[in-house]
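Below are two complexes that have chain A in common, paired first with chain B and then with chain C.
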Partner chain A sequence: MLILLGLFLVIPVLMALWVSFSDWGGNGSPFSGNVHFVGTQNYQSILSGGGLAEQNFGTSLRNNAWYVVLVVPIQTAVSLFLAVMVNRAVLRGRGFFRTAFYFPSVTSSVAITVLWLFLFSTTGAINKVLSWVGIHGPNWFNDPDGILHLFLGLFGVQSGPASLTSSGFLGVTWWDWLAGPSVAMSAFILMAVFTTSGTFILLFIAALQNLGGDIQEAAMIDGANGWQRFWRITLPQLRPTLFTVLTLGLIGCWQVFDQIYTGTQGAPGNTTLTPAYLSYTSAFTNQAWGQGAAIAFILFVIIVAFTILQRWILRERTVSKRRMRAYLPKTEVPLEGGSR
Partner chain B sequence: MQRRTRWLASGALAVATALALSACGSGFSGSSSTSTSGALTSSKKPLTVLIGSSGPAETKAVTSAVGDWSKSSGTDAKVLAANNLDQQLAQGFAAKKPADVFYLSTGALAGYASNGDLLSYGSMLSNKSDFYPSLVKSFTYNGQLYCAPKDFSTLQLVINTDMWKAAGLTSSDYPKTWDQLEAVAKKLTTSSHVGLSMNGQYERMGAFMVQAGGNLMNADSTKATANSAANVSALTYLKKLLNEGVMKTAKDLGQGDGGQALGTGQAAMTVEGNWVQGELSNDYPNVKYTVVQLPAGKAGMGTLQFSNCWGIAADSPNQKAALKLVEQLTTKQDQLAFSKAFGVMPSIKSAASEWKSENPASAAFLEGASYAQGVPTAKGSADVVTNLDSQLESLATSDPKTLLDQTQKNLQALLK
Partner chain C sequence: MTTGVNAQQLSVAATTGKDHPKPRRPRAPRSRRAIIATSVIYAVLVVLAVVYIFPFLLQVATAFKTNPDATANPVSLIPTTWSTAALQQLFVNSDFPLWFMNSAIVTIFVTFGRVFFDSLAGYALARLHFRGRNVIFAGLIAVMAVPAVVLMIPKFLVINQLGIYDSYTGMIVPLLVDAAGVFIMKGFFESIPVSVEEQARIDGAGTFRLFWSVVLPMARPALVTIIILSFQGSWNELAQFIISAQSPSLTTLTKGVASLSSGQLGQGNQYPLKLAAAAIMTIPVAVMFFVFQRRIMNNSEGAVKE
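So, the complex of A and B:
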């Protein structure tokens, strides 16, 4: 077991780590004599070089950050909502709905991407439906405009204030960081929600079915309505599942690659470029292997940092007095009453 | 304590295995320093030819040409059509087991050459002087011709004949200048189609830069010239056409390229390369079209050319046979056969007259050979061009000078 793990996990990772600090050019073994240690040069060129490499990396982080910010909460909420619906005993044809919701998850993401390209083409089904209600649909996968910029454009704001456009981070101005996902990326966001929710519905259903009925009944007797029972009884008990779903969602979202590879390859205007795809093109197309490996490791650090942060936020903690009040029964009898 | 020793043990194992791997690696790479010396490797090993094929027609033509060579030379050779040429090449180089002969694009040459992946065999070619000089320049890196140009394509103006007639235009109206192009584009624009359409990218719009006397880099790709006045004037002209509504990018028409825009009847003229003929006859057989040369700009005629070459791997165990194969594949006979099969133009001057008589309708493309310029070939320039392309998509609303200044900065960073 140890040998297997070492051979297929530890050593490749160590090799990649070495490549990210070397000038290896993709010829022969990275450990051969004519490959040199170049310190943090690869990292510097993507983090502070001021050149195209830095700008591309900044753009890819911007795109992916918006992707994560939108996909993770939406898919978690949607899957939780649907799981609760499907879990209700009164719903007819539960088996059918469960299968239907899970279907997109078992379909290959490449196939779904191709389907999406058809649906969201300029003359595709989505725009057709939009035209029925009088909306002239966007040129989805060819539209590089950020949706927040478009929204501001409705109020006549075409370019940002000088304070935002004159400075920036990683070669991308603050104004562009705030552009929001492009219209093209938004289509991918919808797709991610559509495909991954199914898997998470399954996790939530399993967790919901594990919850004992007694606490629910106790809450009912205490006079809690359905809404209160969900927020104050069900959801707190789902915390471990919630953590799993959020973590899996975060990791999956930061590593988005195959949709981009088969769908848009970073176009339009680099607004669907993601770090994972950039790492691939840097190495295989541009022969900048060190930079490609460096991007992969920065991505790794980002994912680990986010997971730790989220673990800290979702940690078990003692319930504060203010929050406790919500759980007090509605009857007038004080909690510690009568014993004196 | 026990846990710690286990970690130590696994760490030691990892290090030991890594060392073993590295030892393997250096053992393999011991014989890699033959790339520049005159002695070619020679052995009985069969050759592998890796091609990035445009479709079954190309694969079949190359396979049969290589098969013929195999029979006459007695050396086995196998043709593989790559799914993803860049990736498969890179894997081969990293494993020290590359394909012996392969397609190589102008943009990829510098990267592989500087890594020592390629055999620089240009000076050993027997038909070296027959290749077009501008193609030779595209495949020259550090003063050496690295590989033999396989074939090439140029951009010209493709016109929908029916729309042209419907607008009351005749063959004497083919645009010779930018002003004339603008005038006919205006005449050809109706409520159902635009006059002119092309992809919003340097690989099309760059032709106008050449006509104005500019290009992104000089011919040797040793100097960045992206923000020259000529380039600014070219983009300003195109921006004007876009804003007048007589030109639209293919994407704005919802099409993948100019050929589709023309084929679907959404544009009356487009700027495309000779590959468009195959596309039009396969997908839109009813569309009648004429190919004429692009108009001249301030600096005269100009267009862009695109090419691939036959790369030979520095690690190939049988370079001698590979060189012989490439010489055969670049002969007049083989190139004309390829041209017939998949519409490319021969890279050698001696095949020109025959090609023209065989393809009278597309003679304009070959005329371009005398004034065409290549795309930048400096290492990393493909990335800069991609970045420029992403901004050219919105040329109608952006400032050409700012956009080219940025490209200039990015190109200069490559040359440091």
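So, the complex of A and C:
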């Protein structure tokens, strides 16, 4: 049985590593004589080729980075908020609310995406509800405009300064890096919050129930109000769970694939392209296996790097309570800064 | 208030708190303000619960609408005219039943396979002393850390190399063992006292017999966890089936519904059809969820305490 594990997990990685350094085109065995070692050519064409491959990769990184920057903090905040609410001691029907919030987590990403495409279609439920309050909803999944660009557009800023548009990184100008997630991607961001918060609510509720009431009581006697008790007593005690949730969120958010495959296939205007999906299409659709494998490995390195970085930033330290308080509310800030 | 004083007060208050037993529920609605606060919490929660549940109700309702109705009244929960056209088309004029069957086949094999292999591997890692055990365990942890999407191309390469591409074997075998499951089982077996096994060994039971008739029955809670996780995991799996098969006869629900979503059947929006498909594919996991609800919730509680 462990052989099975090795066969399908360790050897594959080594094979893919070879493919990422070869010119294999998908026909026959990647180990046959007419497949050649091409060095870092595949990696070069993605990272500095100046062509479409580089631009696509840069765009996919941009999209996914914004996705991470928004989804991780929002889902953490939403699930923490809901967990605290559901956990209120006097609350009746706690089981019902737990079930309601958790249910989206058990459904498959394909089914949810289909539902989301319906809700967020141009004449769909979301736009209908928005129209009740007088808002003309966007075309959601057909709208490639970045929300930060749209926001700047409100002030008449239509194009970026030359310093941002003339140069860039990975074939994407700095101005486009700063576009924010497209409207289409924002719908996926909402979906991610909707589907993943359930699991995290459960984690937070469990952690909350493990906290003793003594400290809360003591703080109440000291005259701390509910707000102060939450920020200064409850939250510091939830630190381990907060770490878990942030780590799981961070790892999960870099792997967006099912939604894109089911929903938009990267459209509109490549603004929902993600590295995971790009790796798949490069290899399986365009038969550029070396590039696909190379993207997968770069993605792997990104995820590992972020996990290590986060472990390091949020590592257990023996700090005084006071330092810990000063430090805790900031936990999400390094993530945002680092993801770009 | 300053922190130094606060900490001191905390400890003092904690001791006095014990001397005078106070009501355990500090937010019991005693005053009018508390009642208002409670109602606000309820209101917020109810609104949010509606936001979470409503899409699913709408999904079911839309499945019974006609195409024009679904587009014209996207929010209403009651179809203007009840129609089972979408369901009929799904079951009679499409491969939907085939997809469902394929998903069921894969899920059953994967679930049984995982129960068997995960517990066997978990037991070996927990109890048997063999050379390289620690290395294998370290490898297991490493494997758990590798994100699934990164493995798509690697897995395809192996499946292709072994000549099991486009077959049930290729779809099922790579899913038969999962590192997380082995990890859970190992943890559980380690919590069972060794003395029980020693007793059985004295009675003359061999290693496999010991495992099968003594240890495994004791591990029922953990096995249920594995069953839930693998059922959900394999029923909802998409990437693995994309890379391991291409023929239409091997399409699973996830793959099939994804292809529906990109407009395979007929023209127009076809929302009732798509949503009916999505709703039906949710039923098995939903049933699983409601049957094992308590256990699922408790599981994650257990996971936190680690």
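Methods note: the second predicted complex is superposed on the first by the 311 of 340 C-alpha atoms of A that agree within 3 Å, B and C clash if a C-alpha of one lies under 4 Å from a C-alpha of the other, contacts with A are read in each partner's own complex, and residues count from 1 in each chain.
Following the convention adopted for this analysis, a residue touches a chain if its C-beta (ideal position, glycine included) is under 8 Å from a C-beta of that chain, and two chains touch if they have at least 3 such contacts.
Only a predicted model underlies this, so the values are computations on that prediction, with no experimental measurement involved.
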Is A:Leu148 touching the first partner chain B, the second partner chain C, both, or neither of them?
neither
In the superposed arrangement, does A:Asn270 touch chain B (first), chain C (second), both or neither?
first
In the superposed arrangement, does A:Leu52 touch chain B (first), chain C (second), both or neither?
first
Does chain A have more residues touched by chain B or by chain C?
C
Regarding the shared-chain residue A:Ile135, is it in contact with chain B (first), chain C (second), both, or neither?
neither
Output check: A:Phe96 vs chain B and chain C. Expected answer is one of first, second, both, neither. What do you get?
second
Just checking: does A:Ala206 make contact with chain B only, chain C only, both, or neither of them? Give me first, second, both or neither.
second
If you stack the two complexes on chain A, which partner ends up touching A:Leu235: first (chain B), second (chain C), both, or neither?
neither
Quick check for you: in the superposed arrangement, does A:Phe284 touch first (chain B), second (chain C), both or neither?
both
Tell me the contact category for A:Thr123 with respect to chain B and chain C: first, second, both or neither.
both
Would you please give the residues of chain A that touch chain B in one complex and also touch chain C in the other complex?
2, 6-7, 10-11, 15, 29-30, 121, 123, 283-284
Using the touch rule from the top, collect the residues of chain A that touch chain B in their complex.
2-3, 6-7, 10-11, 14-15, 25-34, 49-52, 55-56, 121-123, 139, 142, 144, 266-270, 283-288
Would you tell me which residues of chain B are touching chain A in their complex?
10, 13-14, 17-18, 21-22, 24-26, 28-29, 32, 86-87, 90, 93-94, 96, 108, 111-112, 114-117, 251-252, 254, 379-380, 382-384, 386-387, 390-391, 393-394, 410, 413
Provide the residue numbers of chain A that touch chain C in the complex, in ascending order.
1-2, 4-13, 15-16, 19, 29-30, 82, 85-86, 88-91, 96-104, 106-115, 117-119, 121, 123-125, 128-129, 194, 199, 202-203, 206-207, 209-210, 213-222, 240-241, 244, 251, 254-255, 257-258, 261-263, 265, 276, 279-280, 283-284, 289, 292-293, 296-297, 299-300, 303-304, 307, 321-322, 325
Which chain C residues qualify as touching chain A in the complex?
1, 3, 6-7, 9-11, 13-14, 16-17, 22, 24-29, 38, 41-42, 44-45, 48-49, 52-53, 55-56, 58-59, 62, 70-71, 74-75, 117, 120-121, 124, 136, 139-140, 143, 145-158, 161, 173-174, 176-177, 179, 182, 232, 235-236, 238-239, 242-243, 253-254, 257-258, 260-262, 269, 271, 274-275, 277-279, 281-282, 285-286, 288-289, 293, 296-297, 300-301, 303-305
